[in-house]
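Heads up, the next two complexes both have chain A, just with different partners, chain B and then chain C.
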Partner chain A sequence: MSAGDEGSGPEVRVIDTLVGLPEGLHMRPLTIIATTAADFVSAVRIGRPGGPSADVTSMLEMLALAIGPGEEVRIEATGRDADAAAAAVLELFDRGFPEPG
Partner chain B sequence: MLIKRGIAVSPGVAIGPSVVLGAEVFKIPDQFVPVDAIETELARLRRAIDAVGVDLEENEHVAADRFGTQYGAIFSAHRQLLADPNLVGEIETLIRTKSYAPEHAVRKVIRRYAELLQGIGKPLLAERSNDLLDLEKHLLSRLLGEPRGEVASLVAPAIVVAHNLTPSETASLDRRHVHAFVTETGGRTSHTSILAGALEIPALVGVGRFLDGLGGGETVIVDGDQGVIIIAPDDGTLARYRERLAEQHTLAVRREAFADVVPQTADGERIRVLGNIEFPDEVDHCVERGADGVGLYRTEFLYLGREVEPTEDDHVAAYRRVIAACGSKPVTIRTLDLGADKMPHTLLGAEQADETHSALGLRSIRLSLVDQSLFKTQLRAILRASVEGDVRIMFPLISTLAEIRQAKFVLKEVQEDLEEDGVAFRRDIPVGMMVEVPSAALLAEEFAQVVDFFSIGTNDLIQYTLAVDRAETLVAPLYNSGDPSVLRLIRRVIRAGRKAGIPVTVCGQMSSDPKYLPVLIGLGLKQVSVTPQAIPQVKDTIGRLDRPTAAAIARHVMQLEVASDIDSYLMGRLAVLRGEAE
Partner chain C sequence: MNLTDFVVPEAIVPDLEAGTKEEAIRAMVSSLRDAGSVTADDEEGIVTAILKREELGSTGIGNGVAVPHTKHPSVDRLISTVAIAKGGVDFASLDGEDVHILFLLVSPPDKPGDHLRGLENISKHLRSSTFCNFLKQASTASDVMDLLKEADENQIR
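And now, the complex of A and B:
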C-alpha cells in the first residue's frame, strides 16, 4: 500500500506482526505504543487479526485485550500519515520495545 | 506469638513495632451534586487529574533516580492510564448525566475496570488491577483535598503492615524509617514486589488475612529469608532474631570491605564462593560482592506468571544478561525445577497436571523428561548461550542413574540438532546434577562417573531425608540442617566427588548460614553457592578458619547424635571464631 492522494478519503494501513515479548503486551509496552502513536495524526488501533481491537490511546482497552507472548497482532492506522504511524508502531515490536529516550 | 507465612519477595530480617496502614478509607461525603454545580464539579475533576499527572511525573523521576529507569516506567504507565480517554470520558459522563459527585464517579468507573481486568483470568492482568486502584487512591485523595503520604510521613522506625500496598506507596517508603513491609495480598510478580527488591528491605506479600488481630504497635519480626512474619514473638524468638539482626548490620557494614577479598582459609586454602540467583538482574548483587561466579541460576521465573511457554530467544536473552555480567567466571544454569501443577501449558494438559502437586510428584527433571519439547527449548538456549562465557548445565531432582543418562541423551540430541543447523555451541559444556534426593546421595560414587560436578541442594535434601515439608508450620521444628543423617549424606557426596575428581558445591540455605561453614569445610568442601546477601559474611567466616580446626569441628560433629546438640556446638564454635566468646 502506498500513500493515497490528498482528499481521496482517509488512508488505511494494516500490518500484522507477532508479540516477541516474554510477558506479552503489558503495561510497559502498551505505554510505549500509546506515546509513540501520539506523535501522529492518524488513529491507530491494535488487536488480534479478525478479533476485537483497541484504540491505542486507551490503555484500558488495550490491557483488556490481554494479548500474550507469541500471539499475532494487527496494527491498523487510519489517517493521512497512516503509513508512517503503522511503521513506527511496527518498529516497536521489531525492536523489542526500547524505552524512549 | 503468631507465625504467618507469605511469599518472600525481598530478603533480610527486621524487628520493630507494627504500623497498620488502613484500607482505602476515603469517606466520600456526598454521592450526588446539584445539577447547577455540574460544571464546577467537572472543573474540579480536571484539576485533580492534572495534579495527579504532576504527582505521577514526580514519582516517575524519583523512582527512576532512586532505583533506575525501569522502575520509573511503572509510573509512566500510570500516567498513560490516567490519560485514557475512556476512563476520563466515563467519569465525566457519570457526573454530567447522573449528577454523581466526582469522587463517586471516579470510584465507580475505576472499580469496574479493575474488576474487568481481574475477570479476564490472567494472573498478571489481575495484578495490574492493583495499578488502577493506586490511581483511584491518588485521584480520591486529590479530590478530597487530603495530602497523600500516610506512608511517607512515618518518622520512627516501623514495620509497615497493610492489606495492600500500591506501587507508589512502596516507592515512597523511606528506608530510614520503614525497616520492612508485609501485605495480605500480592504476588511475586506484582510491581510492589519488584520495587521491594529494589529498596532492599525485607518484604513479604500474599500472607493472607492477619491484620484483624493487629492494632498497631505490637512487636513484629519479618524474616524475608524464610518468608515468615512473627507477631508478638516470645522472648526466645526475639533474642534469636536480635542476633540475626546484629549479624545483618555487621554484614551491611562489611559488604564493601569484603568485595575485593579473595576467600581463603587462614592457612591458605582457596574456597570458591558463588552466588545463587533467580532473576537476571540479581547477578549485579553477586558481582558487586566479588563472587566467584553464579553457582545456581534458577530459571523458573521464565515459566511463571505467563500463559504460554517462553521461547528459545526469551531463554537466551535471560542467560546472556547473566553471562555477560560474570565475564570469565562460571555460570551454572539449572534447568526447569517446577511442578506440573505450576505449568499450565505442558503436554500434560491442565487436568492431568492438577493431579500432581506434591514434592514427590511429577516435577522438575521428571517433567522435563516427559515434556521433551519444553526441555529441548531450554537446552538449545543454554547451548547457544554457552559460547559467550563459562556456562555449565545442571539438572535438578535427579533420583536415579537412568534419569541422568536420559537427560544427557536428550542434551546430546539437542547438540546434534544444533550442529546440523550450523549453530555454534560449546561441545564440552560441563554437565552436573543437583544432589537433593537421598537416593542420589547414597549412590554418589556411581553418579560421579556420569556427571562433571555435584551441587548439593540442602533445602530439598533435608526435606526428603527427614520427610518434613518445611512449609508446614506444625512440623517445621523437625526441619533441621544440622541433623546427623543430613550431614552424613553430605559427607558421602563430598567424598565421592573427591574420589572421582569432580567439584562439589553446596548451594542450599545451609551454606549461607555461617555456623555450618566450619563443618562443611572440615568435611572437605571447597565451593559454596549462597544468596548474594550472604557473600561477605561467608567470605569473612572462611578467612577466620583454618583446615585443622575445621577438620576437628567436623570430626566432633560427626560423633553427635542429636541435631540440637550439633547446632548449639556449632553456634559456640562460630562465636569463638568471631572472637565473641571464651
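And now, the complex of A and C:
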C-alpha cells in the first residue's frame, strides 16, 4: 500500500449558498445544474441545510423540494472530483444561472 | 396547495393521441379553451409561449412525465390540465423515454411562487410509481380526477 492511499474514502465537499433567483429553483436552473453536474464523476445533491436533499440529476426529486427565492441551500458533492463539482455548481448560483453555450 | 386546486376537471384529456410534442400541447391548450379556462383569442399565444419554453429544454422530466408550462397574463391564477397518452408521446425527455402523463400549467406572470408550488405538488406525487401506474390506466376524466383527489388526501403512496 502506498502512502497515497491514506484516507482514500470518497471525498465530500459541502458548500452553503443562497438562491438569488427571483423565481427560486424552477426547471430551467435545475436543468442547468443537472447538466453541469453531469460533467463530473461525483454525485451532487442539493437541499436545505439540515433538511432533505435530492440528487440533482432527478428533476422530479428536485422539483418536489420547491426551493424558493432567498432560501439557503446546501450543495453536497461526493466523489473524487467533489471539490470541482461543488465549485462548478456554486458558480451557477453566483452567476445567476447563465444559459450554457 | 392541492392538485385539485389548480387542475381544471373539464379540461382533462384522458385519451390523448398525439404524434408530436406540438400536437400534444395544442390538444391540451385547446381543451383548456373548451373548458372556458382560456379564451379562443389567447389560445395561440399560450401554445406559442409553451413551445418557445420547450425550445430552451424539454419539460419531459423522466418517469414518463412531462410538465409543459408557461406564464401568461391572460390567467389570474395557476391553472392546469392533465393528459394521459397511452401510446406515448416523444417529448425529447431528459431520459429519452416517451411520456404518458402530461401536466400542462399556465400561471400568471406576477405569481412565480404559485408556479413553483404547483410543480412541487405534481412532482411530489409523480415520484410514486403506484400513482403513475394508476394514472396511466385511467380511461375517463373522472377516473383521473378521482386519482388526483386520492393523491391530495395521501391515499396513494
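In this section, the second predicted complex is superposed on the first by the 94 of 101 C-alpha atoms of A that agree within 3 Å, B and C clash if a C-alpha of one lies under 4 Å from a C-alpha of the other, contacts with A are read in each partner's own complex, and residues count from 1 in each chain.
FYI, contacts are C-beta pairs under 8 Å (C-beta built on N, C-alpha and C of every residue); 3 or more make two chains touch, one makes a residue touch a chain.
Everything numeric in this text was worked out from a predicted model, so none of it was measured.
Partners chain B and chain C, brought together by superposition on chain A, clash. Of the two partner chains placed around the shared chain by superposition, chain B and chain C are both touched by A:G68.
Once chain A of one complex is fitted onto chain A of the other, the partner contacts of A:M59 extend to both chain B and chain C. In the overlay built on the shared chain, the residue A:H26 is in contact with chain B and with chain C.
Comparing the two interfaces of chain A, the one with chain B and the one with chain C have residues 22-24, 26-28, 31, 34, 58-61, 63-64, 66, 68-69, 99 in common. Residues 22-28, 31, 34, 58-61, 63-66, 68-69, 99 of chain A touch chain C in their complex. Of all residues in chain A, those touching chain B in their complex are 20, 22-24, 26-28, 30-31, 34-35, 55, 57-61, 63-64, 66, 68-70, 99. Note for the complex: chain B touches chain A at residues 69-70, 73-74, 76-77, 80-81, 83-87, 113, 116-117, 120, 122, 124-125, 128, 131, 302, 306-308, 310-311, 313-314.
Residues 56-57, 59, 61-63, 65, 67, 69, 94, 112-113, 115-117, 119-120, 122-124, 126-127 of chain C are the ones touching chain A in the complex.
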